[in-house]
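All chains are identified by letter, namely A, B and C, in their written order; residue positions are counted from 1 within each chain.
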Amino acid sequence: MSGDRMEYKGYRRRRLIDKIFKATIYGLSFLLFLPLFLIFGLIIKNGISHISLEFLINNPKPVGEAGGGILNAMIGTLILMITSTIIALPFGVLVGIFLSENSKRKYALVISTIVDVFQGIPSIVIGIVAYIWIVLPLKKFSALSGALALSFIMLPTIIKSTEETLKMIPYSLKEAAYSVGANYHRTILKVILPASLSGILSGILVSIARISGETAPLLFTAFGSDILEYNILKPMGSLPLLIFNYAKSPYPEWHEIAWSASLVLITIVFIFNLIATIGENRWKIKF
Amino acid sequence: MYRFLKDRDGGDLIFKSLLFFSAIFILLLIVAITITLIIQSIPSIKHNGLYLLFGDIWDPVSEKYSILPFIIGTLITSILALLISIPFSLSASLFLGEYLEGKRISKIIKFTIDILAGIPSIIYGFWGLMVLVPLVRALEEFLGIPPLGIGIFTASVLLSIMIIPYTTSIVREVIKLVPQDLKEAAYSLGATRFEVVRDIIIPYTKSGIIAGILLSFGRAFGETMAVTMVIGNANYIPKSLFAPANTMASVIANEFTEATTDIYLSTLISVGLILLIISLIINSIGRYIIGRFYVRG
Amino acid sequence: MEDQILSIKNLNAYFKDFNAVKNVSMKVYKNSITAIMGPSGCGKTTLIRCINRLHELTEGAYSTGEIYLRNQDILKLNPIVIRRQIGMVFQKPNPFPTMSIYDNVIAGYRINGIKLPKSEMDSIVELSLKRAALWEEVKDKLRQKGVFLSGGQQQRLCIARAIAMNPEIILMDEPTSALDPKSTLKIEELLYELKKEITIIIVTHNIAQAARISDYTAFMYLGELIEYDRSDKMFTNPSDPKTNEYLRGTFG
């Protein structure tokens, strides 16, 4: 009888520990909401005041003058996005195809691992390399060097998502193409790739979202600019660079602009990620 | 219809070569990146020698460069960030991978975490500058130390917020892999949830968790913009937790465009080289462990 | 004497070291339905995959021997060309998911970059769908995606796709095993008509199906061709005792 009593007491204690643990887990997890609200909430609250059409379609004014906007930074971000995608996309998709088609070979495993590790290289180091390869020979900063750095950052994501999507395509689709006498490259290009479009596209969108917020690799490649620039061989501004410069400055007006620019930036990142996630499911071909 | 009985397309050979050479090119790219950094670092290594790693000051004026202040800065901030973040990320991982696995609310939380992971570093930095710094300043006043607001502590806190989503996504996946029957066996013996976590889940996923922590460490190591904005840009070995400092990444961000001499530039590039090497090593080990875990698990 | 269209001589098929088809020799006659039956793993699917050169696409797989289509050994010719003359229908219907019904039928030409005038494509599509007994059901929705059809319809779409290439032979790998009895019957009926123009080789594990539709039947067991004869003879009076056992259902 007393043995039962002792067991019961021990059990109560274990239950208590379990409850405390659960409360801790839940508590800490919900605390994660806190930074989110603080960050997002503040950006929206502080940033919304400046958001207007003029803000988006005007260039910055010198300190002290009212008005002005972030047009050059937005155009810069757009041009950088497009240029780096043009560089990274064909390359990334081709390597992704190679890796999925040769997935059983040893060398494919090696390259796949290397691509994974590539992903962990700090973006500022990539910026240094782009500086050495393009800024030094051309003797000036340029959007091209920035786009090159950004394309290196995009590559692993595009390669991985292409590879993963292609690996999920069942062999029966390939066989169907072969059975009507298609040769290898037509099978891949006209049958397999179209069936993988959803995954590849979402990989591209995700990497664009990623690079649109990148600052470090642009610090000494694209460098930034106050004027509206379309020439990729010249220095160019971008939203993150603008935020960086304005945030560091001592002027409160510029801080306000930085809040608004941050709002614009996270909206862009958010939208691209959203389209990528929704799109992947919507456009996905189910087998 | 015999018109298509000839396969005129030489395209297969071209295409297969294209694929092959793209893959080779990637390989060459990585090699080229590494070699470029090495070559450009040679002047620095010649000029600075071992002082680069073991000296005590970084002074472009007298051309004495030691990275030690930044190595220390990087290590302290990364490790501190890890320590602060681990309780949160482990909790969230257990929360999502075990407690609420499969339930609807876990999707909302996962979504939240993914959004946090997608916020650009510069925005974390700006927010840190505007919000965290005044808070830390208040804390410093309360503690009676110089109220700078910026410094190692602020940077570590900011970093920890940034790496929580990253760690969580890795460890969560690993926790989900614990076989159901293993857990059920424990429950059927009367174990509480806590005990199942402590005695079944954690031991099973140990290597996965370690890998997750390692990869997060690598991530914190290379984090640049957020740290740059709140760490205070001081090139001395930090003497206290609240001192301003610099990390390897932030000194490059701060000084690269100001580098006036070739040696100065080369030294900064050698900092980048060291960053590259360390992040490659950490990431390789981390991915290796994770790879082993998934194969076995 | 009936016209021989395919002559298989000493065919051996391997998966690395494993000999899946052992020294098979047989002749297939024009405009007939030849069934290949046998228990699981007997090599019947591997055999037909040798005929359209799909077998060798598997890692480590190869074959030796000769297969003569009329006078040419197809094992020595360009496999792409062979596959355009010998079509295949698979066990699980595999229409191209990104293409419409129309494009699926004409896929053999489209994918291979063969340009035809629209009127010609239209007539090929209509004719092929009619011969596959699918035209009436889909003629108003040719632009819809092929994957929205039912299983039986998808399979007939795949048959139409094969027919559109105007092949000499169509190989079928258990084409009705994944379908319901009604669809199965529909397909068996269209095969009767189809054989007047195209030779059909059909792998089946369904003995009743083989008895119903085939003119010739081959029985395989463990990679070997045990017996090959006119169907009416084989099903009433098989020569080999193993065949007899199989037909009686006492093994496999």
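The rule we apply is simple: contacts are C-beta pairs under 8 Å (C-beta built on N, C-alpha and C of every residue); 3 or more make two chains touch, one makes a residue touch a chain.
Everything quoted here is computed from the prediction, not taken from an experiment.
What's the overlap between the neighbours of subunit B and those of subunit C?
Common contact partners of subunit B and subunit C, which must touch each of the two, are A.
Going by C-alpha centres, which chain would you call the most central?
Checking distances from each chain centre to the full centroid gives A.
Looking at contacts between chains, which pair has the highest count of C-beta pairs?
Greatest count of contact pairs is found between chains A-B.
If every chain is reduced to the average of its C-alpha atoms, which one ends up farthest from subunit B?
Centroid comparison gives C as the farthest chain from subunit B.
Roughly how many whole angstrom separate the Cα centroids of subunit B and subunit C?
56
On a C-alpha centroid basis, what's the spacing between subunit A and subunit B, in Å?
Averaging C-alpha atoms per chain gives centres 15 Å apart.
Go ahead and note the Å separation of the Cα centroids belonging to subunit A and subunit C.
48
Two or more other chains in contact with one residue: find those residues in subunit A.
Residues 181, 183, 186 of subunit A touch two or more partner chains.
Spell out, as numbers or ranges, the residues of subunit C touching 2 or more other chains.
80-81, 84, 112-113, 165
Can you list the subunit B residues in contact with two or more other chains?
Only 4, 7, 9 qualify.
State the interface residues of subunit B toward subunit A in the complex, per the touch definition above.
The contact residues of subunit B facing subunit A are 4, 7, 9, 11-12, 14-16, 18-20, 22-23, 25-27, 29-30, 33, 36-37, 40, 87-88, 91-92, 94-96, 99, 109, 112-116, 118-127, 129-131, 161, 164, 192-195, 197, 215, 218-219, 221-225, 229, 249, 252-253, 256-257, 268-269, 272, 275-276, 279-280, 282-284, 287.
Tell me, which parts of subunit A touch subunit C in their complex?
Against subunit C, subunit A makes touches at 104, 172-173, 175-183, 186-187, 190-191, 194-195, 285, 287.
Quick check: in the complex, which residue numbers of subunit C touch subunit A?
Per the stated touch rule, the residues are 52, 54, 57, 59, 80-84, 87-88, 90, 92, 94-98, 107-108, 110-113, 158, 161-162, 165.
Along subunit A, where are the residues that touch subunit B in the complex?
14-15, 17-18, 21-22, 24-29, 31-33, 35-36, 38-39, 42-43, 91, 94-95, 97-99, 101, 107-108, 111, 113-126, 128-129, 131-133, 152, 155, 159, 181, 183-186, 188-189, 209-210, 212-216, 219-220, 223, 240, 243-244, 247-248, 255, 258-259, 262, 265-266, 269-270, 273
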